[in-house]
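Notes follow once the structure below has been shown.
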Amino acid sequence: MKDVQSEKDLRHVPLKHVGVKELRWPVELRDKEKGTQHSVAKVSLAVDLPHDMRGTHMSRFVECLETMGPIGLHDMEAMLDQLKSKLQAQKAFLQLEFPYFITKAAPVSGRTCPMDIDCIYKAEKGEKFKLRVTAIIPMQTLCPCSKEISDYGAHNQRAWAKLEIEAVEMVWLEDLAAIADACASSPVYGLLKRPDEKFVTEHAYENPRFVEDAVREIALRLEMDKRITWYRAEVESQESIHNHNAFAVVEKRWK
Amino acid sequence: MKDVQSEKDLRHVPLKHVGVKELRWPVELRDKEKGTQHSVAKVSLAVDLPHDMRGTHMSRFVECLETMGPIGLHDMEAMLDQLKSKLQAQKAFLQLEFPYFITKAAPVSGRTCPMDIDCIYKAEKGEKFKLRVTAIIPMQTLCPCSKEISDYGAHNQRAWAKLEIEAVEMVWLEDLAAIADACASSPVYGLLKRPDEKFVTEHAYENPRFVEDAVREIALRLEMDKRITWYRAEVESQESIHNHNAFAVVEKRWK
Amino acid sequence: MKDVQSEKDLRHVPLKHVGVKELRWPVELRDKEKGTQHSVAKVSLAVDLPHDMRGTHMSRFVECLETMGPIGLHDMEAMLDQLKSKLQAQKAFLQLEFPYFITKAAPVSGRTCPMDIDCIYKAEKGEKFKLRVTAIIPMQTLCPCSKEISDYGAHNQRAWAKLEIEAVEMVWLEDLAAIADACASSPVYGLLKRPDEKFVTEHAYENPRFVEDAVREIALRLEMDKRITWYRAEVESQESIHNHNAFAVVEKRWK
Amino acid sequence: MKDVQSEKDLRHVPLKHVGVKELRWPVELRDKEKGTQHSVAKVSLAVDLPHDMRGTHMSRFVECLETMGPIGLHDMEAMLDQLKSKLQAQKAFLQLEFPYFITKAAPVSGRTCPMDIDCIYKAEKGEKFKLRVTAIIPMQTLCPCSKEISDYGAHNQRAWAKLEIEAVEMVWLEDLAAIADACASSPVYGLLKRPDEKFVTEHAYENPRFVEDAVREIALRLEMDKRITWYRAEVESQESIHNHNAFAVVEKRWK
């Protein structure tokens, strides 16, 4: 059978990426506490394509994916090496988006419960391996202005912190979630009993945070971590007094 | 050209619905205050199909849609009559989902601003015309338990009321939004200045509402409206202490 | 601490459902081939609430969920019994939405690969246990009209069949997927090599199907399965000549 | 009332962006053919914030938005100037995402019908004004490999081209859509009669295009337009033989 993809292309347009997207796949992820955990990922796989090749061989991406075991920092790099070799490419790209579960203990009762965060591993390798880790962690923000100007109460809401980092070593998703929790008016939890709810309510009231405050606190902590070479942090809150969101972004200054 | 759709079908399976979906279309909607307003709708159009006809003529649905002027109660019925006639069907179905803007005045400053609600008009006509109107109105709920057990503060969050009704006369989307606003810990607004924010914060603190409370208050108001022959009301809150939602539903008992 | 939820309610409005929604949870699902498989579910849990009780105890829903092991027909019923008892309710509701992976073999090369389908288990128990299983299976449809009127080619597209059933015994998700595959112009696959792609292309061209055809074929197969007491089947195709979809629905006639 | 936002901030963390997001707003857009058209946009508005200011004044973003008339290139810049002045900022950001309707004529019958494309205007102004226009245009791709290796037929599917450009002059959304249409196996349409469907089917079969082909054709056309200073083009197809998508990306090389 003719291999149309391997035809010579005369248009002189190199492709930055060619591959597959929106592919769902069961994954096993390396986990700080328990070794590994299961999840379901949305996967993108791609390579670059030189100007003179007409097409890539799409089925090989899925074949590479089938060889993937538990996923951590080094496993991502091994996958990219395999993609480069199998697709005869100079550069390979791999992105995994997945929900990840962290076991959290309620602040008073100590009751533990899994809570989901959304994560993205985005990796590429040409000469060098590069991995960007994103974690989106739900939190509570309580408005300092509302607290200050009101005789009682203060509007608060579910918000989330989106932490994107590049690092020289593995930074666990659990570590990123802990940073977000420390910078919120209060962390959020999967399971709270009444004494926990009292604690969370009062703790949030004692720690009012604009999105501007929360994102700055996160930035201070990310700056101090010597493993992290680049970051972007965003806090977005589903304002409970509006039908739109407030947000604030910090991005690391390159030196 | 052969008309494959009109072939005889021998499988003896009548179809409840056949038509088009996920069609976006610019619409002009009848509006209580200003006559009409513009929006963009996601549209479904369908008819039933007798067991012995192989297919319908999909392009005719779009042709019908092209004749549609400003949309209110009577215009929906006229569209269904046209669909029945043009598709030679016993029953026709039409659904429009769209964002709708209501002008709201801030509670102290009186500053007005548009705020969006999500709406659905779902209509069918066999012998009789039937229209179900859905309005999803954002609101704030403040937790009575959190207020009661805490020394200060109370968790609150953005929530929404989903009101679905069937009525013998037109019930305006603006009327449904007013009902939801009256049953919330506080309405939400597009634009609030500081005196408004103080008012909203304190008002919510004075009116704590579980989702159970808010949906019951809505049910009491819908029960009293003699135009409304059926309803389903749901309140869902994006709990600010959890990463999941709480919800409560009332459905009218048939007499 | 005061139990605000347990207060007497004087509004005389019973609630149909009260509970939690949009809760993500790692699940283990009973699987026809391999015993069990892991996935991540979006969960709703609810009970009814009598007219004279103010609120439910939301944390208990999550506590029930924590006890859940591998999920099949009988496990769903056991969960509902536990919810009824723990929440002192007359009726309990449980819904799980999750991606599920089926191993499919390519038609010529025999290469196997997991492919995702979207599934919903929706159960309730008052007096009796009731379970509705939904499977959304991707497929290909090729237009009979386009084939008939064109000198060559025929437009085809990704479509999906949504099968909803109620049954007296467990009907496996794998069985529902097999029905959808048999009724498509062609099944779709996770991994195809070139001889497979030739087969799939020609097979689809030899089996043109309107959405009306595919849904009727599905209905005939569901009618013949004596375990199934009710069904609704829908086929929706992402028309490759339009930016909207075509769809057709059959619903079992009650005798 | 105390202005908490205006407090001095001592954390020395400047914010790249602070503002509002997920705000829906009715908009009037400048249109190549008809002057203007109505749509509904999802809006983000933001400014930068110096390291020593605690917060921004969120309500002013909405106040600026209220002054916005019909939207084109120059109107975006005027909005940014207003944001900078009203928020006393060095940089301002504005993003609008909206469906946009283009009237297309069917290829044989000439029947016209609106068809939706998704668009984004993303603008910023510090010293200089910068506007990135994105248009996502649905199209059909027919697989050259499938056609070549099969005795009859060829799989095809709905795809979309995502064109992102920066330009020194206004490039109309209609122009971007025309480029995408010219590079597809076939354009897609809102309304086709049978002779049109025959034409579209045969035309696609005569013009097989991988995503790699389609995106290269688009790149060639964007390269030739002297107004365009940067572009990124992506074609993504909802493969009708798989449950995942294929995609290809070209990005302009900076000189």
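By letter and in written order, the chains are A, B, C and D; residue numbering begins at 1 in each of them.
Here, contacts are C-beta pairs under 8 Å (C-beta built on N, C-alpha and C of every residue); 3 or more make two chains touch, one makes a residue touch a chain.
Since this is a predicted model, take the numbers as computed values, not measurements.
A.B. asks: Can you tell me which chain lies farthest from subunit B, using the average of the Cα atoms as each chain's centre?
C.D. replies: Of all the other chains, the one whose centre lies farthest from subunit B is A.
A.B. asks: So which one's got more C-beta contacts, A-D or A-C?
C.D. replies: Between the chain pairs A-D and A-C, A-D carries more contacts.
A.B. asks: Just give me the whole-number Å value for how far the CA centre of subunit A lies from that of subunit D.
C.D. replies: The mean C-alpha positions of subunit A and subunit D differ by 25 Å.
A.B. asks: Can you work out the whole-Å distance between the CA centroids of subunit A and subunit C?
C.D. replies: Taking the average C-alpha coordinate of subunit A and of subunit C, the gap between them is 29 Å.
A.B. asks: Using the touch definition from the top, which residues of subunit A touch two or more other chains?
C.D. replies: In subunit A, the residues touching two or more other chains are 1, 23-24, 116, 145, 149, 190, 192, 194, 198, 243-244.
A.B. asks: Hey, which residues of subunit C end up touching subunit A in the complex?
C.D. replies: Within the complex, subunit C contacts subunit A at residues 1, 3, 23-26, 37-40, 59, 62-63, 66, 99, 101, 113-114, 116, 190-195, 198.
A.B. asks: Under the stated contact criterion, what part of subunit D meets subunit A in this complex?
C.D. replies: 1-2, 4-5, 9, 11, 13-24, 44, 46, 49, 54-56, 58, 144-145, 148-149, 210-213, 215-217, 219-220, 236, 243-251
A.B. asks: Taking the complex as given, what residues does subunit C use to touch subunit D?
C.D. replies: 115-116, 138, 140, 142, 145-146, 149-158, 186, 188-190, 192, 194, 197-198, 200-202, 204-205, 238-244
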